[in-house]
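Just below sit the structures, each encoded as structure tokens.
In what follows, chain A forms one complex with chain B and a second complex with chain C.
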Partner chain A sequence: MRTTPSLRIAAILWGAAGFAGLWALWELAAFGVANDAVLPGPRVVLWQFERHAGGDRGLEFLGVEHSSYGINLAWTVGTAGLGWLIGSALGVAAGLGAARRQWLRDVTEPVLFVFGAVPVLVVAPLLLVWLGAGPVGKLTLVTFYCFVVVAVVAQSAALNLPPAVEEYAATLGLDAAARFRAVVLPAALPAIVAVLRLALATGISLQAGAELLGPRVGMGRLISLRAQQGNVGEVLSLSITLGLVAVLLDTAVRAAVAPALRWQG
Partner chain B sequence: MSRPTGLEVRSLTVTYGSGPKAVTPLHDLDLDVPRGQFLCVLGPSGQGKSTLLRCLAGLLAPTAGTITALGEPVTGPSATRGMVFQQDAIPGWLRVADNVALGPRNRRLPESQWRPRVDHFVEAVGLRGRERAWPRELSGGMRKRVAVAAVFANDPDILLMDEPFASLDHLTRQGLHRTLLTLWQETGKTIVFVTHDVDEALALADRVVVIAGGGVRADAVVPFPRPRTDDLRMDATANALRTNLLHHLGV
Partner chain C sequence: MITNKVWGVRLRTRARGRALVAGSLAGLVLWQVLAVIVGAVTTQGAHVVPPLPTIFTSGITGLSHFYKGGLGPATTIEGAPDSPGLAALAVGQNGLVTWGRFWAGYLLAVGLGLPAGLLVAGARPVRHAVGGVAGLLRMLPLLAMAPLFTLWFGATGRAGVLFVTFGAFWVVLLATSNAVANLPAHVTDYPRTLGLGPVRLRTRVVLPAILPQLRGALMLAAGTAWACVLASELYGIQSGLGWALNQTLVYSLVDQMIVLALLFAGLSLASLRLIDAVTGHLTRWTE
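Our next item is the complex of A and B:
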């Protein structure tokens, strides 16, 4: 169903009203608590952002390499993004490959079954202790998480294709490679895109979470230090900034794949 | 002189499963379909009509027996034997024109060779003006038209149709019958059309076979000239043939 311009404007206005409502509730709650150390209001958080987004020399005395939001954001999102790219690419290849080849499914299914069932937060400390809290450990953690979730969903999406659709393509003379390209891949794409978006958001959260353990750079490290200082306003400012960047990246992914998913309406 | 054979089925047996739970819907079945014939296959549910069609399409390997299509043994699916399925099988992510071009485009045939055929069959099934529509924007009958156009545009020698119009209302089905007959007369393809509806078989076919109990239980020529109208229901010969076919169907 096509949306008319007036419906789109209405949707934007409703979205804006939602934000305004949330802002008002937050202001109200902060006013009621009346303690910035417990729940600072949005204006306090904005003030903290303006004050420290460009950097804070005080943090550099505490062992942080660079204290500006930009560099730490780039580090956190860049590392998570790299892990997401590697893990997702491997996950899509493994999942779709396993859906098409029984022997590959026999190999990957037990691994994916075990790790797919174990919450990644359980595996995270093990991986970080094993590989260290440095960049390699975190990259491995995000890559591993993205690989598992993307592979499981890609395999199941390709296996859920109604058999008649591929048989129909076969009777039109499409060989296995053409069927994969023209039928299997487009059919699995919506589910793959959904899990890629989930993996990206969770990958950034995992990266920031792992940075709490004490590296010298990253948004997680800044959040950890500000929490130790009891600066809740700054913690919220850092968290919201990271969340907004994740939303922007998600919007970019959605925009990039929108032409391929237009058929869904 | 008899027409050359399009399909030859010899001693076809298909068994699903093994041991005491084995089911054999087709047993030692023989069938010849001359080239250019419109054959309807009738039969009660679960008696092997669709199994036969899947074997003819090369989607199912028989347990025993042989099938040859235009003199070549059938060993797997091929562009020479197109199939229209009972359920919706056209990809939802392709617009109408791309769906009709699915076969030739992905077989990497030169566009100059297939584009005029695609345009022609889009027009022939009444979808001119809807080329850019997505399947979700079409009715069930229109989606069937897309599937029929796609199979004809792929230019197979033999069309296999597995109860393609079963889920459609009477008027839509009649419209599709007319379209199909026009395309068949225009192209001279061999058609094997599975249905459980005797009237549909009498409206379409040159010949009707009834499959039951694993083999061909009845084989009848349909002698009525085309176009066949609903007046056929009043015709004594047609009623005798209908009664005979229904008898073989166990009704």
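Our next item is the complex of A and C:
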């Protein structure tokens, strides 16, 4: 069903009302708690963000290489983004390939079966020991996570296409490669796009989560230090900043793939 | 019957049990070969990539240190030596704690998320208002927020359970409200003409109708819940398999780290199988 412009405007307005409601509710809760150390209101969090976004000597004293939020944000999102690109590309290729070639399915099945159900964070300590606290370990973690989750969904999306559709394409004279390009790939694309968006958001979260375990740079490291200081406001400010960047990236991905999904209506 | 073949070429692949077994065996062999090579070329190799016999001996008995007492035998701090028995007690003690946190948080998330999703889906404006907020909250770096819950609720099991609930709740809420929005109108229109009230309509008609759509989301929420349990135990809480995993990281005990990761994976897989079986049973009418 297509949405009319008036329905779309109403949706945006109600969405804005939702955020206003959240702000008011949060402000009210903070007023009720009456202790900024436990639950600072949104204005306090915003003020703390403005105060420390440019840098904080205190954090540098605690071993952070660059205390500016911008640099740490770029580091975390950049590393996660690179891992997402590599892992997703490999995942799409492996998932679609495994749906078409039995030998590839046999090879990938054990990895996808286990890590499709187990949180990848469980291997973070191992990677930390093997690859150190630098970016390589985190990059490997995010790449591996994106590979697994994208491959599982791409494989399942390609397998869910009713065989009759492909059989019909074959009767029209399309060979295997042409059927894959013209039938299987477009049919699997909506599910693949959905999982790419999920993988990007979760990849950033995973990167920040892994950074809690000890590097000298990254938003996760800043969150960890602020948590050790008991600074709830800064932890919230850093988390929300990372969340907003994830929303922006998600919007960019959605816009980028929109032309390829126009056939859905 | 659909042959799944076009001119003799198979269109679909299938999962084969023997591939899983062969893959697992290949993984073990590869690990052992790697352990031998790394052990031969580096001085600390046996600690970095421990050979399989080390993992199956000291990797298991070493877990005795995580037994905190209270079940009869003395702890290693009290002078007891490492043993398979103490290791089993340690795994039982910490595994049960992690298992309990997962289920408490997950069931709470489902218990709150389902009715909240049904309520939200009831009116389009509310769906738009809550949907945007839930979408943003879902994008927050969940795993990095584990310390926040420790700050609010202390390094306690309660912090872990509430963190799990927070993580899985949004998944269930969004999936429920989307599933209701996707229901064809006649599914609810016809029972309304028979005089069904709003509560009975949601519990007797809408909930069973959306359950098949919710199966995937409930599995996804369970996966999120396991990641949250692990994150909360890794970053602050002083009990559970995640806490033990963090301790092995602090002392670089890779053999024990691998055993704990395998145990965690086993628990996670078992719970997902259970949820799949239960939701499959509840939606058997669709088959």
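In this text, the second predicted complex is superposed on the first by the 264 of 265 C-alpha atoms of A that agree within 3 Å, B and C clash if a C-alpha of one lies under 4 Å from a C-alpha of the other, contacts with A are read in each partner's own complex, and residues count from 1 in each chain.
Just so we're on the same page, a contact is a pair of C-beta atoms (placed from the backbone, for glycine too) under 8 Å apart; a residue touches a chain by one contact, two chains touch by 3 or more.
Values in this document were obtained by computation on a predicted structure and should not be read as measured data.
Chemist: In the overlay, answer first, second, both or neither for which of chain B and chain C A:Val44 touches.
Modeler: Neither: A:Val44 stays clear of chain B and chain C.
Chemist: Now for A:Leu172: first (chain B), second (chain C), both, or neither, which partner does it touch?
Modeler: Touch partner of A:Leu172: chain B, not chain C.
Chemist: For A:Met219 in the superposed arrangement: first (chain B), second (chain C), both or neither?
Modeler: After superposing on A, A:Met219 lies in contact with chain C but is clear of chain B.
Chemist: Figure out whether A:Pro186 sits in contact with chain B (first) or chain C (second), or with both, or with neither.
Modeler: Touch status of A:Pro186: first partner only.
Chemist: According to the contact criterion defined above, which of chain B and chain C contacts more residues of chain A?
Modeler: Larger number of chain A residues touched: C.
Chemist: After lining up the shared chain so the two structures overlap, which partner does A:Ala11 touch, if you call chain B first and chain C second: first, second, both or neither?
Modeler: After superposition on chain A, A:Ala11 lies in contact with chain C alone.
Chemist: Going by the contact rule set out at the top, does A:Ala164 touch chain B (first), chain C (second), both, or neither?
Modeler: In the superposition, A:Ala164 contacts both chain B and chain C.
Chemist: Touching chain B in one complex and chain C in the other: list those residues of chain A.
Modeler: 164, 167, 170
Chemist: Give every residue of chain A touching chain C within the complex, in rising order.
Modeler: 10-11, 14-19, 21-22, 38-39, 98-102, 104-107, 109-111, 113-114, 117-119, 121-126, 128-130, 159, 163-164, 166-167, 170, 176, 201, 204-206, 208-209, 211-213, 219-220, 223-224, 227, 230, 232, 235-236, 239-240, 242-244, 246-247, 250
Chemist: With touch defined as at the start, can you tell me which chain C residues reach chain A in the complex?
Modeler: 2-4, 6-7, 9-16, 19-20, 22-24, 27, 48-49, 124-126, 128-133, 135-148, 150-152, 223, 226-227, 230-231, 234-235, 245-246, 248-249, 252, 254, 257-258, 261, 264-265, 268-269, 272
Chemist: Sort out for me which residues of chain A touch chain B in the complex.
Modeler: 162, 164-165, 167-174, 178, 181-183, 186-187, 189, 263-265
Chemist: Using the touch definition from the top, list the residues of chain B that touch chain A in their complex.
Modeler: Counting only chain B, the residues touching chain A are 57-59, 76-83, 85, 87-95, 102-103, 106-107, 134-136, 147, 150-151, 154, 160.
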